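In the two complexes below, subunit A is the common chain; its partner is subunit B in one and subunit C in the other.
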Partner chain A sequence: MADPDNRWNRRLFLHVPAIFLVLFFVLPLIALVILSFWQTENYKIVREWSATNYVTLATEPAYFVFFVRSLFLAIGVSIFSVAVSWPIAFFIVRHGGRYKLILSLLLAVPFLSGEVLRLISLQGMLGPTGLVNGVLLKIGSAPLRFIMYSNWATFIALVYLYLPMVVTTVYLSLLNFDFRLTSAASSCGANRFQVFCEIVWPLNLSGTIVGFLLCFIPTLSASLAPRFLGGPSGVLYGMSIAQQFGESGTWALGAAMGVVLFLFSMAVLGVFSLGIDLRRTGFTGMGRL
Partner chain B sequence: MYAQASNERLTKWLMAAILVAAYGFLYMPIVHILFASLSSRPNFPYPPEFDYGSYIRLYTNTVYQSAFLNSLIIATCTSILSTVLGFLATVGVLRFAGRKALVYAAFFAGPLFVSEILLGISSMSLYYLAFELQGNMVTAIIANSVHCFSFCFLIMAALLYRYDWRMNEAAVVCGASPVRVFFEVMLPLTWSGILSSLIVAFVLSLNGLDISFYLLGATPTMPSVAWGALRYGVKPELYALSSIINILVFAAIIVLYFVARSDRQLSVE
Partner chain C sequence: MNASLDGVATPYIRIAGVSRQYGQVRALHDLSIDIAKHEFIAILGPSGSGKSTLLRLIAGLDRPSTGRIFFDGIDVTDLPPYKRGIGMVFQEFLLFPHRTVRENLAFPLRMTNQPQQKILERLDWAEAILSLRGLMDRYPNQLSGGQQQRVALGRGLVTHPTLLLLDEPLANLDRELRNEMEVEIRRYQKQLGIPFVYVTHNQEEALSMSDRVAVINGGRLEALGERQTIYDHPPTPFVARFVGKSTRFDGAYNPATGQIELQHYNYAFPYSGAFERKGDVRAEVFVKNERFQLSPWTAVATGIACTIADIVLRGPFVEYILETEAAERIIAVKPKTSDQAVLGTKLSLSWDPAACHVFPAGR
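Moving on to the complex of A and B:
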């Protein structure tokens, strides 16, 4: 450690990216906290310290409703995505054979094509003139009302947006899982149910939790999907933040909402990370070191 | 015994069915949009036809042109900046961090767990509070880089963890300068990870709306123009734009596939 060469290397390789993150990731979050204790009047920021914004948040029931709605939606979307991801990832790992790589990469196409474009595609499917209702009208049935401008539409959209992410995380975890352990358990007399519950699931729990969080955190703050597909009763918390910074110009209140969202996300992250062993997620391949 | 085998087959087919359903769910809108963009009846484009009208209207629309150019600049700069930083971080964590490797890795993966909208509004707050600065291209590039950095770091870490660092030392012993070590030893062996990271960061920042939205002020980018147009109803031009991007992403994925495959062959040799 003492030789100067190594110290310079550490500075270059570890400290440059770390300083970049501190400057442009940590510092902005601090600025957000500061802003949340100031006020906005007539689209101008007034630098007076007070907790008015937080009082507004706590006393105005609308924000609480938005938050609870977002929370339930995020929990539902994440649990559904994890439940669907497991069979998909398991099938690719166990039976994918030489198509493993292409199957896992194909998941990335819908993920990489961007939120707005995916929402456009979804609107083409679910909207009043979309494919689903077009087909229903063609065969003479009534259009499905619940998939147009409702919380269900938001639910479908959010699953569509984040399912690839969850499948990929679970897939990476299973890929680094040593399946010989299951054969060992079987030959020791465990039935298939026991093998899954006592070997496969616990040893891939960390990867699953990471997948859950990578879906939960963005869905909790979803702002585009509900705005476009959610309809009048579908206002979500993230969408409300976006409005504070956009149309209504109440930046300080929006900042306070952002701080609440950040603290809540961190709390969830903290609780769940107790159950995470990063080495087991298969994320960086560190488990094999 | 027989019952168990058939049971196993049933599970296998059940999983396959879920997989097919999920891929169908993910790809149906994309295919539908492609047909819709090529049709004169975008609402129900079946049977498919081939009408390039919406593509021509898109091509001649100057708003989309400048927006596309801006997005291209942001995406290029972001992918380079975040890949360089991600590369430094990967080498740092794998080689120089020692016992603190997990701490640094968790910190570098941190932006992944902070949603884009928070990253956008917090960066906007910082620039506004510190410099009274409205958003511009540079701030958008930096904020996008923070977001993409984590992806780059994870991609390169996944591909570099089995790199044999003794090769660098061997090259140094033979008298190579650090720059030469990088270009003649590391780059030929790790180019697949670096290229994957460049592609993913490029595509992510090309399409990232939330971050750019807050940091750009009045500069139009492709997602923000598409978002603006979306609020006034979906037009066939948007379908065309969406299809073009989907095809580009698809091409990028095919490149990634061949990169990953050649990398695997390399490691087998």
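Moving on to the complex of A and C:
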């Protein structure tokens, strides 16, 4: 690139986002890591280097329990969301016709209100006097206790919050999928199930995984949804972090928990991106064949 | 139309009175074609004529609204594509992008549960016959257009299908490659001895490869016959216009002289055929561009007066772009000769009355 104008343009294009990322992403992360090696005493930060926080996390079984609980919840919510998203996205792409765009935008409608608002409205649905249990009581039936302030309620809320993300990703993936390949496969003797397993699923796998991760990672650290809908028992990892930075004032421990979460999420991303041969998902880096 | 009985002794594939309606739109109308076992048949028609719909019906990718389809005496109308034992090659190749050439070729064999030994055998066969050596472990996007086309053909042929359906398979290839593949595809068909049904809008392709041609227009069968017959004796004005390169003239039949007189030109030629309805006098006249006779203009010339506006060299042929006095352009194709024609030369254009096609055009 000898052309100076061009070089200037390139700088502008690359440097602005780079500076933004360093300022607001890399630096805070470094600060978090540093903080995790300091201590907090009586709501004050003590600049004393040690790995105490990490030792606490490793030895105190409660944190491990919170983490595993969050992990199972996140896996459950993500798998459930993917399973529900596929038929929805498939239907929109195949039968949406000219309403395709509107239908896919409709899924984003809940996003138009704030997250807290959405959680509160869900509280109105699932709570002891909410719509579901209210109706059940009216008709003389026993209320569904498991959806009242429990991790099941959190599960429902998280699916509700992140389903649009997953549907949108799967929808975009299917939108770019060449459905004529299914005709080719059935002319090769594949039945509908084989067409799905051999062609449709693998060729949309990368999109599906992106959708899965877009749901999995925020769910793993969820704190708002369990705070509004979860019960007193069954503390989740994200709630625990929020607590460290809130009531208990143990910021350094919270920071260490955050670092662990970050590293774990990175590891999950790494496993997915290394473990999947993009070629086998039809990804050529050159657009559609 | 009695086309289904046209010269086929034992129909291997029988398409019997098939129609397909999409809502109010009739894509195919009461179409019948019988195909013999060793036959290469071209379905020729302009885009939107219903030829691809017909192919999808034969493949089982779509169902006819009425009519039946038989393979070797068995009614397959209600069978899904995977139970029909067909092979199919698509215009866009439609290879599976996430599978190597080897896996693409093995796919139909795996889907039909062939034993491993058989799969390896057939892969070797495909590799050899389609000259795919060294390409078997590549992905489709690492292949050239011609190579992709050969893999697509291989995928269609590898299972010994009852018949092979080809949907404009050469449309995405450049001219040179196309000519090469035309010869090759025809060779495979002769070797394998199964019917090939070849859909195309390209009349040259249809004529160069097939044994018989079915011309489809507006969802109806316009003509079905040997390629030479279709070319030399088009049964309808549409076929005359669509097959081969020809020029159309308006004319009128003069019962007094027994001649067709052209509308814009002082040219007439004898016509011995009968106009079907009494009072039909208007006629459409089609003359194949290579059937024009050219002679130097003289005072006693009886042909259409025209001048050479341009000369286009096409290898062994020359196209004379002629301009008539009615400011129409006519193309006459002649073998290349050594003597140079000069632009602007005045010529007399005529044709052998037996070599043109006349259709009554009503009043």
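As a working rule, the second predicted complex is superposed on the first by the 273 of 289 C-alpha atoms of A that agree within 3 Å, B and C clash if a C-alpha of one lies under 4 Å from a C-alpha of the other, contacts with A are read in each partner's own complex, and residues count from 1 in each chain.
Convention: contacts are C-beta pairs under 8 Å (C-beta built on N, C-alpha and C of every residue); 3 or more make two chains touch, one makes a residue touch a chain.
None of the values given here were measured: they were computed from a predicted structure.
By the document's definition of touching, of the two partners only subunit B reaches A:Arg10; subunit C does not. In the superposition on chain A, A:Gln194 contacts subunit C only, with no contact to subunit B.
By the document's definition of touching, of the two partners only subunit B reaches A:Ser265; subunit C does not.
Applying the stated contact rule after C-alpha superposition, one finds that A:Ala185 touches subunit C and leaves subunit B untouched. Look at A:Ser113: by the touch rule set out above, it reaches subunit B but stays clear of subunit C. Once the two complexes are laid over each other on the shared chain, residue contacts for A:Pro202 go to subunit C alone; subunit B is not touched. In the superposed model, A:His95 lies in contact with subunit B only, and not with subunit C. Once the two complexes are laid over each other on the shared chain, residue contacts for A:Ser221 go to subunit B alone; subunit C is not touched. In the superposition on chain A, the chain among subunit B and subunit C reaching more residues of subunit A is B.
When the shared chain is aligned, subunit B comes close enough to touch A:Lys138, but subunit C does not. In the superposition on chain A, the residues of subunit A contacting both subunit B and subunit C are 279, 284, 286, 289. Interface residues of subunit C facing subunit A in the complex, by the touch rule stated above, are 56, 59-61, 80-82, 85-88, 90, 92, 94-98, 107-108, 111-112, 139-141, 155-156, 159, 165. Across the interface of their complex, subunit C is touched by residues 178, 180-181, 183-191, 194, 198-199, 202-203, 279-282, 284, 286, 289 of subunit A. Put simply, subunit B touches subunit A in their complex at residues 4, 7-8, 12, 14-16, 18-19, 22-23, 25-30, 32-33, 36, 43-44, 85-86, 88-89, 91-93, 95-98, 101-102, 104-119, 121-126, 128-130, 142-143, 145-146, 149, 153-154, 157-158, 161-162, 200, 203-204, 206-210, 214, 223, 226-227, 230-231, 234, 238-239, 241-242, 245-246, 249-250, 252-253, 256-257, 260-261, 264. Per the touch definition, subunit A reaches subunit B in the complex via residues 1, 6, 9-10, 12-14, 16-18, 20-21, 24-25, 27-32, 34-35, 45, 84, 87-88, 90-92, 95, 101-103, 105-110, 112-125, 127, 129-131, 134, 138, 160, 163-164, 167, 172, 192, 213-214, 217-218, 220-221, 223-224, 228, 238, 241-242, 245, 251, 254-255, 258, 261-262, 265, 269, 278-279, 283-286, 288-289.
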